[in-house]
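Chain nomenclature is as follows: A, B, C, D, E and F, assigned in order of appearance, with residue numbering initiated at 1 for each chain independently.
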Amino acid sequence: MTGLGDLPVWAALLTGFFLILGSALTLLGSVGLLRFRSFYERIHAPTLGTTWGTGGVLIASIIFHSVLQSKPVLHEILIALFVTVTTPVSLMLLARAALYRDRSEGNDGVPPFEMAAESQDEQPRSSGV
Amino acid sequence: MTDDTSLILMIVLPFAGSLAAIILPTNARNAAAILAGAVAFICLCLAVMFYPSVLDRGVVRSDIEWLPTLGLDVTLRMDGFAWLFAVLISGIGFLVVIYARYYMSPEDPVPRFFSFFLAFMGSMLGVVISGNLILLVVFWELTSIFSFLLIGYWHHNASARDGARMALTITGIGGIGLLAGFLLIGLIVGSYDLDRVLASGNLIRSHDLYVPILVLVLLGAFTKSAQFPFHFWLPNAMAAPTPVSAYLHSATMVKAGVFLLARLWPVLAGTYEWFWIVGFAGMMSFVLGAYFAIFQRDIKGLLAYSTISHLGLITLLLSLGSPLGAVAAIFHMINHATFKASLFMAAGIIDHETGTRDMQRLGGLFRFMPYTATLAMVASAAMAGVPLLNGFLSKEMFFAEAIATHADSILDTAAPYAAVLGSAFAVAYSARFIHSVFFGLLPADLPREPHEPPFFMRFPIQLLVLACLLVGTVPGLTVGPFLHTAVTSVLGPATPEYSLAVWHGFTIPLFMSVLALAGGAILYLLLKDYLARCEDGPPYFRRLRGQRVFERVMVAVSWRGARFLESILGTRRLQPQLRLLIVVAFIAAAWPLHRLGFDPGRLTVQGLDVTFAGIWAVGVVCALGAAWQAKFHRLFALILLGGAGLVTCITFVWFSAPDLALTQLLVEVVTAVLILLGLRWLPKRSADVTRGVATTGARLRRYRDLAMAVACGTGMTIIAYAVMTRTPPVTIADFFLKKAYSEGGGKNVVNVILVDFRGFDTFGEITVLGIVALTVFALLRRFRPAPDNVESPEQQRVQRAFDEARPDREAGDTVSDYLLIPSVIMQWLFPVIIVFAAYLFMRGHDLPGGGFVAGIALAAAFILQYLAEGTRWVEDRLRVLPVNWIGFGLLVAALVGAGSWLFGYPFLTSYSRYVELPLIGSVPAATATLFDLGVFSLVVGATVLMLIALAHQSIRRLRASRIAAQSNEEIA
Amino acid sequence: MSGVIIVWSVTVAQLLLVAAMACSLLRLVRGPRAQDRILSFDALYVGAMLLLLTFGIRAGSTVYFEAALVIALLGFVSTVALAKFLMRGEVIE
Amino acid sequence: MELILAIGIGVLTGSGVWLLLRPRTFQVIIGLSLIGYGVNLFIFSMGRLRVNTPPVLQSGAVVNPADYADPIPQALVLTAIVIGFATTALFLVVLLVSRGLTGSDHVDGREPN
Amino acid sequence: MSALLPYPLLTASLLVMWMLLNGLSVGQVVLGGIIALAASLAMAALQPSKPKIRRWDMIPQLVLIVLADILRSNIAVAGVILQGRRRTRTSGFVMIPLELRDRTGLAVLACIITSTPGTAWVEYHAGSGRLRIHVLDLIDRQAWIDLIKQRYERRLMEIFE
Amino acid sequence: METAGHLMIMPIVLPLAAGAFLLLLDERRHVIKAVISIVSALALMVIAIALLRSADNASASSGAATGVYLLGNWQAPFGIVLVLDRLSALMLVLTSVLALASLAFSLARWHKAGPHFHTLFQLLLMGLNGAFLTGDLFNLFVFFEVLLAASYGLVLHGSGPLRVKAGLHYIAVNLAASSLFLIGVSQIYGVTGTLNMADLAQRIPAVPAQDRMLLEAGAAVLGVAFLVKAGMWPLSFWLPGAYSAAAAPVAAIFVIMTKVGFYVLLRLSLLLFGVDAGATAGFGHSWLLFGGMATIAFGAVGVLASQAVGRLAGFSILVSSGTLLAAIGMADARVTAGALFYMVSSTLTIGAFFLLIELVERVQDPAANVLSVTMEAYGDDMEEEVPEQEEVGVAIPGTLAVLGICFAACGLLLAGLPPLSGFVGKFALLSAMVRPDAVADGGVIASSTWALVALLILSGLCALIATMRAGIQIFWAPIEGTIPRVLLLEIAPVAFLLTLCLLMTVQGGQMMRYMEATAQSLHSPADYLRDVLSAQPIPGPNAPRDK
């Protein structure tokens, strides 16, 4: 039904590669989200999906559509841009909120508010995944 | 004047007079009286003038079309019997008016009295001269209503209110029964016309419905005529002003019942059922009424019970089914009207002059008011059936009928004895009235010094008593011919031979009369001393008070019972209502499926896509989780709801509905923010408080609800699956797909449907959105947070406290630090989203997008700024006027729609073509796009209005608390 | 040939993405804290966005692109609102 | 496919109904939203399911309706979504106002005793 | 000019966005131009702090560096996730005193740090200009501080201040 | 379509334009807003009457029994059509009359009790008229939502705990009902593939047997949605509360809303499941009959049980709805005719009653003059409030008498006692149910019919007892009767509506003729189908585009 037939194989291979790369990275991110112990570790995981995970799929999409329509189809770049700009916003707000909640509940493993330059004495926490 | 017009006038005049009287000033006593008197007198003259035409034509009719298709026309019909009553009603009415003028005190709002009086008279005339059964019911009910107003005239005392209510309730019930009965008669006869009904007596009597008809009609007649067992309302009606009693209980109200019995006598009488029901009621009323009358202390009470008794006599006569009985009944109707009216007026005079009607307090009044006393004596003698008075004649006829055997039965054998007994009682109470009021020694403690009343107060009595005398001495010359016309008009060919002679020789009836007179006299002599000091009401029956029973029943049925029923048949709680709704809907859907043998279609697992299944696994978890968590973890539930929405979007995309996915996504975002805004005003709820204390009942309720939920879900699944797997019908969609581009000017068929083919739906849809936004706005204008929400959220308090506690920081640092960096990005996204919205709008007609999604996107841009910087900051810079956006949007949509009128096309006719613009090339220009602009504008306005109105509550709260603080300072 | 490649890779990619969404959902349900749920909700959105892009490739058309674009540009708004609700107890001050 | 979607519709509606019968206003509003999803998908499914045939015409002037999914249910769902959004917002505000005036978030405005 | 075209750079980039979305054509340029202008005028209403970009030339360099770093740390974090329990790893907070004050610059820095898997922007205090980040795989705290300050902050300060 | 035809859409567009325009005016400009609103309402009445005349004449003279308006110039069944026949015209007139009265009443003060009253009111009218005019099932849903949304706003107008609680229930139930509406409509579409009512009527007989149960299930669910609006027991418990809590003018206009449910049920049951509906003919009639009877019984009980006059009025609505539903269930042209007459009469009556109640309650205690809204007032500082002890009207001595007369009239009308139209309506129903030819064909009259007759009569009795109790308590019992302060503007609408009832009595013959003609055309919808489906769009603007 779609004109997949007249897509050159190299393009198909490239598309497939990036597609699977991107989604694999995203999956990894989610796995990390699932397996990491503390919230502050988990917060790192989704960025896999939002950076190169998204990137991979977008590149695949760009290649695919550009070759298929034999003209540059670049509007996926916008998605990349928007994701890169918006994800930090939510993550920053979320992390700060989590920090506040942990502090107000006096949970351990969170730094005190003190921000004196020499207050680098926070104990790094050792943990497996 | 033609008979038609005078017939109509007889009805119209009284009501017109009533209207005229009601607008008279409250103190216009004479004006009202003169008006009423004039009306009554004219009616009397009209009636009298009818006699010749009634005499030679028998029946005079006048028909005015009213509801022909329902067989209900204004048919007025005057015959001898109706004529007789018309004369009685208007004549006695005239006399009562004169009497009332002097009876009523200047303090009373007399015009209202005469207004009701005239209206009542009109209704009564209507009853007697209406020639259509339903019309008769109309007037019948009117008499009930106006008698209600007349009895309750002195509504400041409770007895009047109760009497009026009881009268209306009983007679109202009767009237409704009468209506039902007449409906059945109409069903049999095929017409409500009186003449046709009177002509089809045999048909009716032989019909299966005869007994129901009889019962219903008698219900009407007995309630009206206060016949046993419906008699008890009448004595309570004595709370009415005496003129009212004199009118209602002599010639009119109560007479309506027996009038009806006589009127329908040819149709209903003569059967076994008729004899038994009517006869029994009549005899009971006759004897018991007379017996009760003896023991009344109140004169009017005595007269009331005697009325019941005399009407019982008439009913008894009619029950016999013999023509002679009917003659006697009609004759007694006349006589009773005359003497009873005069007696009531006399009672009124006594009350008026002495200030009391208690026969134990009264006495020896003969010395003070000889004329009145004489008149009263003559009248009550007539009531007792003393010879040479009219009462005697009809009583004689009654005795004669009583002994004559009709249907062989106990009732029949009892009749003579009952007749004598009742008559004896009548003699006794008449004697008591005369003796205890006018003779004996005068008690000391009379409220005021009695003397003769003014002439015009006595004049009506004189006339009536004169009538009693004349009729009693020379019946043949006076009442004879009129009675004959009346009788023939009722009985027609069946009219028997009868003589009105005073003297028939030494007959059994004569003997019975003597017996009754003697017995009554003796009875009174025996009871005299007892009656002088007994308490009110008859011995043995004192406990059994009809009206108390009635009141009890009324309260039990119409109040307590009703409340109980309402509470079990209905509910005021929401959950049961929703439960019922769901159950009903489920049954409604399941019933046809069950009835027509439903086959859900075979399950096919083919084409089952793992990805899709996985997506829906996510969706299912989200839905169930939301249902599970919504009580204690609102935020969690909200997030899960979002998840379910996301899965819905993916489904839309999967099954080729990109527009739906777009819209759903944007709505998701806005809804989430909206509910979050609301969450702040809901009470804190923690799981551990109420968890685990669920009672068994609660648990059972939960299981029931769970079952219902599962049932509904399964039902939806089955039906959806069934429809999806059936072969689709030929839908109207093909037309849209074919015409969307060629005639709608767009490639995105969904959008073309929305803005063109079915643009009218969108038109209404945006109106809904606008209305809701306005409602939300209006509601929040009056929003008042619950006490536990008034202060700012815990987090803000903690953070402020923290900032204030530290020397290096000041209040608000935390939040400003918090938003410092993110807000930069969110600001820069503002124009980006605007451009994106423009993009969505522009492409709508040809590709997924359109005014609605564009609108929400733009709204999101605004909301993002509010999120980033707070309400004040934004509104210092941006002045969004959402209400105007809404109004503008609606107007644009309406104008675009109406624009097509200019070209003579129907509303919302779109026009699209490509316009060649310099250096831009051909661009699509469809009026549909303009319409979409209206949509866009409205959506922006509505969405922003709702969210911002909600957001404003926080500021409102701050302002309120500030005001509160100030006031506290002022206090301190 | 290339059709087969595309179809297969898209199918695999979609499976991976759905698995990713499932993981995020699992974390969402597990929590333990609200911030974890919000974080995984965000991840869920990203997964959905990528899924939509794969549809575009599978269908060889760009009609599904805007949906993805909407998630990319506006999907974070609800996350922001949620986070702010955690931090301040109030979304718009 | 049909089966999965049907089950999905059922679960959404069922969960919604369950919440609709709960005593707390917030539960009711979530329930109404879930029912909304279910009903929208139900409407959508009434046009039968077609994969990858969006009713967006290729610019070809001649159109074969068989090549496209039924656009009408989609249009109906769009309207339904909008109206659902509006009513959700309204109900939310009403429950807030009720909570404010009665002090309780019970649907009957007072705690059951 | 500045009244009509308050943010030329913004307007331009919005126009580019429009082009990307609608493809290239004269009509779209005109239409997009109008819309972009309108959007930037709307932006002007918000009176945002207007960033001054001094060193255009450094932007591409920074972008490339960041992309590379992101790619590297993607692999690193993926490794961490895949390794599972086989190796213990310490994560923790690092406090970094910043000189960079420009809000836009800070925003870009935030995007960089957050977008890089393995580092997360946690809190920033405008008063003291101190930033706290969380590092997934924390071995040498000072190394991270230098990395951020040397690799990103310096460049950003050159660009924005 | 000639421009005269455009009159048909005016009842929808005019109130919309008025409402939208009112939005652009400043909040505090009450006078100008009131003027616009009233003018619009007046215009609506004039238009409605004109439409009624045209509908009556058209069907009397030419073959075109029904006026058809092709929206967007798209032919039925594809586009949305408005259909004007005697029934819809009648409903339009009734709506406009009631609207005029309530609006006038509200001008005494209610319209200031909250923002955007007039807009909401106008849009409610738009929704009502749309629902009465549209010939498209989904468009009907849209207009239902329009009128419901506006009603949500209006039922809460003036705020206050009572209103909000009742409103919450009202909204919750109706939202659920709306979902049912959607399910029903879409299911019908899924089976028949069309949304146009006339087209549906044509397609339904052809629905294959294995799909018919799905069709009927959809129709049944749809019916439930309408029954909620019509207030059938046991779906009607929200109604008395909501109506008695609503502000007087709002409650008055709401009376027409239960009639919307009746209208749609009547229209659809006769159009889709009438005699020519093949296997599905007569679908649901018995349910309506018995449901209606249950509703009458419950309503009557409620009437007796209610202490507050407001609830009494609310329950009388249920009685009237039940009567109408049962009448549909009878599926007999003459009964339908009677039902239509009864509907008009009872609507006017209860509308007047709701307005009157607020006035007579001032007899009981003058404190009732204070709006609950002013008690609850917690608005913005700039918000204009109705002052606490606002003196309403002046105490004229005649007031009490006038109120008494009006109350008595309402009582008679509710009880169906002579001489007013309440009696005529009830008699029309009864005489249609027990009539010789009804016996002739059926042989005997069904016992259910007898039960219905009894219920009708007894419900009247209950109304009589209850209203009498209330009237005595209000007008007679008080020793020191406080003379209420009533504006002419407030009593005039009541008098207006009651006068109309009187006219209906006097002109009963003509009215009945109209109703019978209406019923006839409803029971033989062939003309309707022909006219709707044969209406041709004007050739023109949508010519194939130059590429």
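The working rule: contacts are C-beta pairs under 8 Å (C-beta built on N, C-alpha and C of every residue); 3 or more make two chains touch, one makes a residue touch a chain.
Since the structure is predicted, the reported quantities are computational estimates derived from the model, not experimental observations.
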Exercise for the section: Pick the chain whose C-alpha centre of mass, unweighted, sits closest to the average of all protein C-alpha coordinates shown. Expected result: F
Problem - Taking each chain's C-alpha mean as its centre, the one farthest from chain F - result: E
Exercise for the section: Would you identify the chain whose Cα-based centre sits farthest away from the centre of chain A? Expected result: B
Problem - Chain pair, A-E or B-E, that carries the greater number of C-beta contacts - result: A-E
Practice task
List the centre-to-centre spacing of chain C and chain E in whole Å, with centres computed as mean CA coordinates.
Solution key: 22
Handout entry: Separation of mean Cα positions, chain F and chain C [Å, integer]
Key = 48
Completion exercise
Per the C-alpha means, the centres of chain D and chain E lie apart by a whole-Å value of 39
Practice task
Give, as an integer number of Å, the spacing between the C-alpha centres of chain D and chain C.
Solution key: 21
Practice task
Could you list the positions in chain C whose residues touch two or more of the other chains?
Solution key: 14, 19, 21-22, 34, 38, 55, 58-59, 61, 63, 69, 73, 75, 80, 84, 86-87
Completion exercise
So chain B residues touching two or more other chains come to 572, 574, 578, 582, 654, 658, 679, 716, 723, 728, 731-733, 736, 741-742, 758, 761, 765, 768, 772, 775, 779, 782-784, 795, 799, 818, 821-822, 825-826, 828-829, 832, 836, 847-848
Practice task
Check each residue of chain A and list the ones that touch at least two other chains.
Solution key: 2, 29, 31, 43, 45, 50, 75, 78, 82, 85-89, 91-93, 96, 100
Practice task
Would you tell me which residues of chain E are touching chain B in their complex?
Solution key: 10, 14, 17-18, 21-22, 25-27, 30-31, 35-36, 38-40, 42-43, 45-49, 103-104, 106-107, 110-111, 121, 123-128
Problem - Complex contacts: residues of chain B adjacent to chain E - result: 808-809, 813, 816-817, 820-822, 824-825, 827-828, 830-832, 834-836, 838-839, 842-843, 865, 874, 877-878, 917, 919-921, 923
Practice task
Going by the contact rule at the top, pick out the chain B residues touching chain D in the complex.
Solution key: 572-575, 578-579, 582, 603-605, 607-609, 612-613, 616, 619-620, 623-624, 626-627, 630-631, 634, 637-638, 641, 644-645, 647-648, 651-652, 654-660, 663-664, 667, 670-671, 674-675, 678-679, 681-683, 685, 705-706, 708-710, 712-718, 720-721, 723-725, 728, 731-734, 736-738, 740-742, 747-750, 753-754, 758, 761-762, 765-766, 768-769, 772-773, 775-776, 779-780, 782-787, 789, 846-848, 852, 942, 946, 950
Fill in the blank from the handout: Touching chain F in the complex, chain D uses residues 20, 25, 28, 32, 35-36, 39, 42-43, 45-47, 61, 72-73, 76, 79-80, 83, 86-87, 90-91, 94-95, 97-98, 101-102, 107-109
Problem - In the complex, chain D residues that touch chain B - result: 1-27, 29-31, 33-34, 37-38, 40-42, 44-59, 61, 63, 65, 68-72, 74-75, 77-79, 81-90, 92-97, 99-101, 103-105, 107-108
